[in-house]
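Pasting the structures here.
Consider the two complexes below, in which chain A is the common component and chain B and chain C are the respective partners.
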Partner chain A sequence: MSPPAPRRPGHEVVQGRAPRPGFVLEVDRSTPSTLFHHGEGFRLERLPVGSRIVYPSEAVPVLRHPEEAIRQALLQPVGQDPLPAQLFPGMKLTIAFDDVSLPLPKMRRPDIRQRVIEAVLDLAAEAGVDDVHLIAALALHRRMTEAELRHAVGDRVYDAFAPHGLLYNHDAEDPDNLTLVGHTELGEEVEINKRAAESDLLVYVNINLVSMDGGHKSTATGLSSYRSLRHHHNVKTMQHSRSFMDQHRSELHSSNWRMGKVLRDAGLKVFQIETTLNNDTFPKPFDFLQKREWEWSARDRMAFVAATSGLDRMSNRMKRNLFQSIEAPHDMTGVVAGEIEAVHAITTAKVFEQQLVPVSGQADVVTMGLPYISPYNVHSIMNPILVACLGLGYFFNMYRGKPLVREGGVVILSHPTPWEFHPVHHPSYIDFFEQVLADTTDPVEIEKRYEASFAEDEWYRHLYRTSYAYHGVHPFYMWYWCAHALQHVGAVIIVGGDPRAVRRLGFRPASTLPDALEMAEDTVGRDPSITHTHAPPLYMADVS
Partner chain B sequence: MKALRFERSLPRFAAARVAGALAPGRGARPGPLRLADIDPPFVDAPGWVRVRPRLAGICGSDLATVDATSSRWFEPVVSFPFVPGHEVVGDLDDGTRVVLQPVLGCAARGIDPPCDRCAGGQVGQCLNITFGHLEPGLQTGYCTDTGGGWSIALTAHHSQLHRVPDDLDDEAAVLVEPTACAIRGAGKVPAGAGVVAVIGAGTLGLATIAALRHLPGELPTTVVAAAKHPEQRSFARSLGADLVVEPDELARAVRRTTGSMAVGDGSIDRLAGGADVTIDCVGSEATLAQALAVTAPGGRIVLVGMPGQVDVDLTPLWQRELELVGAYAYGTERHDGPGAGRPTFELAFDLVRAAGLGRLLSATYPLDRYADAIAHAAEAGRRGAVKIAFDLRNERERNR
Partner chain C sequence: MLRGFPFAAPNVPEGVEVLPRKVRRGAAYDSSWAREQPARYARFFIVEGPMRAAVSTLASPTRKGLDRLAGLRGPLIFAANHHSHLDAPLMLTSIPQPFRHRMVVAAAADYFFGNQVTAALSALAMGAFPIERSRVSRGSAEQAAELLEEDWSLLIFPEGGRSPDGWGQGHRGGAAFLSLRTGVPVVPVHLAGTDRIYPRGATRLRPGSTTVTFGHPLQPAEGDDARRLAVKIEAAVATLADESATDWWGARRRAAAGTTPSLTGPGTTGWRRTWALGDRSGRTRPARRTWPEL
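Coming up: the complex of A and B.
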């Protein structure tokens, strides 16, 4: 495990019982049933005796005075002059911030971004800076709505900037507002938001939910265009990232770091602010979801029964509205500002402090209960492509060292996987699912034969720019995110999913977990070793 | 002789309509169709010969007749009682195998000189289908004088007969007539068409796809097919459709293929552009509305499937200046589309052979099991089948 980040001025934490670290439980006869997330619902499953369950660590302490910690971070950055020293009248200041895909679930107000942005704006005002733009760095994600922007930056900031056109969503398809900054030594084009590129200072406000977030990826991805993104959002990169959550073994990061160097060499000054969260993910009455089952109180058990029986009576739409309204109680555990790489090293250690769980050895079969949310269905529908991406893209890649499942092993996902799409948010996903996956599920073939036509489709472009649609190419990226897992595993089984949708993904449907485990034996043989990944709350397996 | 005969009986029509509404094809038992012992048909005029059917197909118009859902348009152009069956391969008395071209034009009706349509080779557009020495009947299979294919014997005029080449087996030959209908539709695709959408993948739809990929002449660049059932989708792909989708995916598929914009915020209300030509091989309200929604302004919709009475908003036809054209029967393909200048039946023989359309015949039944046969035909797609036919080859009476 990485050493904890050094304590910094203003970073006193709330004291209390020391959080218990994550650990691996071996299932025996006395082990109670195990909670599996299952979309907008849950299942209790009995895992075979001898199976392992990886539990995340408990929530680490949060900062006692977050506003003060932020101010201290701005005044005492790492590797750069204090922020006030970099601000001057007449300068162009741009503040970019992470979009609606972070954090998950959305956090209670005030959002971290609001706290940080208000602190930066206070300093800018003190320095007499009056040319300030705020940009939601959404790359090829959908635009944020007014309500989402207000939630992220707060009403005060929104009302001060948005009506004047100074707070807006990045547009990766606006040729007039993109700048080709240069090329990496490998010929990768580095094209970013023109306002950001032409600013005297770019302040980037991150929420580092997982170790993939932040670093040079913030600007090189968040403020870039398809022309630039395609150099690292592709099958080859994903298959050569082991995993993309481990910066030092991630081709995704290598490419972004090369691009970051181009930006730096071109004179772009970035003041990077990275923040970390604890994993206090679910508010009452869903807080039982982050407890270990044998520690459930009578109230937790009642909450579980009430939740499941209530959910059983609800329509999918009602369930979705209920879950999407969840605001997580998670709060800041750290904030660091300054030079990108120095900041990111500290932040990554902080993320690992919360998330890293040592696991000894791989398993033949890994089971995952997938929740209702992924980075790309906030206020939206978790369509089958996003189910695949959450399981095989994100959860599979939450490892350092080796994947939790052995090569040729089986991943069993639990999710309803409805054949359902949000037409406004995911129009190109529908076509990808209906036409591309009906033809082939091979990421290499898909990239070769279909990507360009989706990426350059004028209707998708129109919807991305004027409505709230993900970019036409986005479903491809979701599929590429699965590429490492698809290359590594022998089979994927989805429990409780719509069989038609599951088959369209190229996976095998199973009605129950025992059925799925029996089916898995076709691939890995009898009496396989089984590991269940008990998330969320999120953790990262440090597999030796 | 044994025959399935359709009689004029209002109570039975009503019963067929009710049964057919419950489940397609179920009008066979309570309806006006009866297995009967009747006199062989005979037309006392020069050029008429006996044909003993070997295989006789069941088509969509037959099913509409059996379930009493056909348009009343046909009432004056049929004569009761009649023996259905117009997709026929059979034997002449001298043993020659023939395929029947069922339209009863001027030559068959003894009208000389023929109308200008028949004279021009467009027998399907004959102006005299209720006149001459035959009772009314637009085709064999709807005329009381001629009999039809669902029997031991029918009578046909030599102008209706096409010798079957030895290398074509009965199973392929029985597909020639519906293939000719499909070619008629494909023939209305103008040269230079880019994207053609084909709605429906029963026999007509699949044969249309084959026509758009095999006929001589300038073929469209891309064929997008909407097929409801997995087996149909598989056939559509193997016959050359470039993109095959489920029916409710058609608008998105056409939009993607044509690079068109669409009206609707992610869902597609309608396409701004669309297919150059849409061929509707179903002919329902829903498919016609779909065709109107996916055809580009100035484009053409070809109705190959028999539509009946439908309630469709024709505003897009007007606003987008679409052409709506029918494609019925056969003649000489004289448009600038595929197969121009050649008789439809001649093209159909070639196409059946080139595309291997004999594989579309999924099952055959003896006449005695007509209700099962019709039920199978009515649910062919759902049951993984395409063409269902009666097999008369083993009927004892026929071989006496």
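Coming up: the complex of A and C.
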């Protein structure tokens, strides 16, 4: 009997209408109040008539059969032999994967990394490969907990490898397990994880949430050490990356590419797997957060009212627990495998397909509602340094061409900015905030006077290696991430933030958005042009 | 006096040909009423209420591999190994939504539909419909195929009955045939532990723990026939058994090398088969002290 037309696993997902692209709305009298994320909460704000709001595009269609797509990507890679042809008995295989900072929020199970890693291991099993290590490529981020690793790679992989010590976090401070591979033509040291460097094949599993992710940065940053990272995680690199989301104008990207070439010339064989996600960020009942306000249904409005009034009655801890439990309904829009640069070119185009929104011209004032999460406070507290980094590092740099705000303009952030730190995750942030920022907020000065003492501090090193702490130097990198914005803008105002914490950052606190707009006029003059970035879901402004 | 007709059955006049009685048992049992809305509501409360409570208490299930079903739509055929009467309730409380409450169970016509009471209870509580296991029945297969085409998911135990000795039995072709006939994927499932709680022939329940492991849905490939697909399903269940007993990576490697332990056990008979079960037999020493008290 021959089978009938296949009803494939998962059958056909109804795609519905085509997703609408992102667009720029000009505010008029009929425009409803606009949603601002505000940490673990939201605000509805009325923007002045004539302001612009940049809306992200809707979620693009996803792969109907992700497992099949992954298998096809492994069997038909770009610029390399199929994965099965690169696997052989007796080989050393290392699988590295992105850490807890991706994706945001964490995605519901099964995580994309689990799907890919299981597919790779299936092929490795067929090829008779015994020597396999799995490494969370976390660079100087905090180690992943067992629960986080289980979420990322799945229980099956975790239970099979972790008990034997074959699934672990990368340690960027373990001299015995790092290898200096070489130097770039500019003298940058390239030092990466020894096991990865000595493997017959390194398979890197990426989640490309934004265009900065992936490429040579995966290995050259994710599996490297402070000795190597300091060459591109510095003020000069950040100030010369316009922006670091645009690989053609990113010095961060160039440095990683130079390092990647050193690794390739040294004989490191990398099979790169990059995956892209749609921007379906919030599950029910928070899905109204990704709708346009005039399309909120009665249910959405009720959800908003219930959420805001409920959140008002909760403690910060309860709110954090609630928000950090959100699992995004992200789905995979693409998977490409093979040679790093060829793969990354395809993936970046796929990311842009979801995220690019054309915007005409810059604005005097840009407003941003900052959400509860950034790459560095997953299951943690968004401390003031991370607030600055999310606004001025990430959201500000989500542009191609020119920044959304003109040079000398004003950025207005909306976030509670509590003077709160997670003592386990962010110990060096506390000292950075209390000591360094109390002295100066100038990134160049900070780098020159303080970086080495934090980076080489034995206690921070110990906490990074044995606890769940970010590396001692990490708060510096967060501040450097802001360096381009700090150089570019005339003032930064935070609405609704703890005034003491805001002033410590060197910014100006405002109670309300109208107050902030009035304060901005001191810098940019009367009747400024205003643009609001309606994110998340994330988008990237293509500013002409 | 309330005796005789019409208070008792009438006599049959002589010389009149008696019509054959409509058989409402066994494979001829009409279970369609159990798929009507009122019965479905009743079953929802039975499954989510007493059945789930009983399963949790008796079997403490650990459910693995549910992520392999994430995002799937439409009907599926769940094919599991079979050791105990506990298997069906365990499956009905483990299968995820949206399949759980649009589910029918292929149940042995001779056993569950032998009389009106067990037939009605099976149909109501489990959504069971009769399937002949002693011979190939076109009627049973047609009914199962129609239900799949009406978007009902199907739970079937391809071994055709509970294990007589703790080892699995060879798979029959029912699940494979239905998958080929309708194009609906088969989800292999391995159940571990129910044989210790309530094995065939047991007279009392011994609460314990169980593990339900769901596998990736199997799709009939070009050129597959029922026999070949049944072998694939059996191999997938065996791999899940290996995964459940050891770990996923080891199981995958043994599957790739063709050394996955067989579900059906060694080809020996008698005590050697029981011996090979080892700890899995669940036969433990009696608690009663046998050494005389001094």
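Rule of thumb we're sticking to: the second predicted complex is superposed on the first by the 529 of 544 C-alpha atoms of A that agree within 3 Å, B and C clash if a C-alpha of one lies under 4 Å from a C-alpha of the other, contacts with A are read in each partner's own complex, and residues count from 1 in each chain.
In the analysis below, contacts are C-beta pairs under 8 Å (C-beta built on N, C-alpha and C of every residue); 3 or more make two chains touch, one makes a residue touch a chain.
Being a predicted model, the structure only gives us computed values, none of them experimental.
Applying the stated contact rule after C-alpha superposition, one finds that A:61 touches neither chain B nor chain C.
Shared-chain residue A:126: touches chain C; no touch with chain B. Of the two partner chains placed by the overlay, only chain C lies in contact with A:159; chain B stays clear of it. Of the two partner chains placed by superposition, only chain C is touched by A:109; chain B is not.
Using the contact criterion defined above for the overlaid structures, shared-chain residue A:434 touches chain B, although it does not reach chain C.
Put simply, more of the residues of chain A are touched by C, taking chain B and chain C as the two choices. Of the two partner chains placed by the overlay, neither chain B nor chain C lies in contact with A:19. Once the two complexes are laid over each other on the shared chain, residue contacts for A:499 go to neither chain B nor chain C.
Touched by chain B in one complex and by chain C in the other is not one residue of chain A. Per the touch definition, chain C reaches chain A in the complex via residues 64-65, 67-68, 70-74, 180-185, 216-217, 219-226, 243, 247-250, 252-253, 255-257. The touching residues of chain A, counted against chain C in their complex, run 1-11, 13, 66-67, 108-110, 114, 118, 121-122, 125-128, 130, 132, 154-157, 159-161, 163, 331. Contact residues of chain B toward chain A in the complex are 243, 245-246, 249, 252-253, 255-256, 259-262, 264-267.
Only residues 422-427, 430-431, 434-435, 438, 453, 457-459, 462-463, 467, 469 of chain A touch chain B when the two sit together in their complex.
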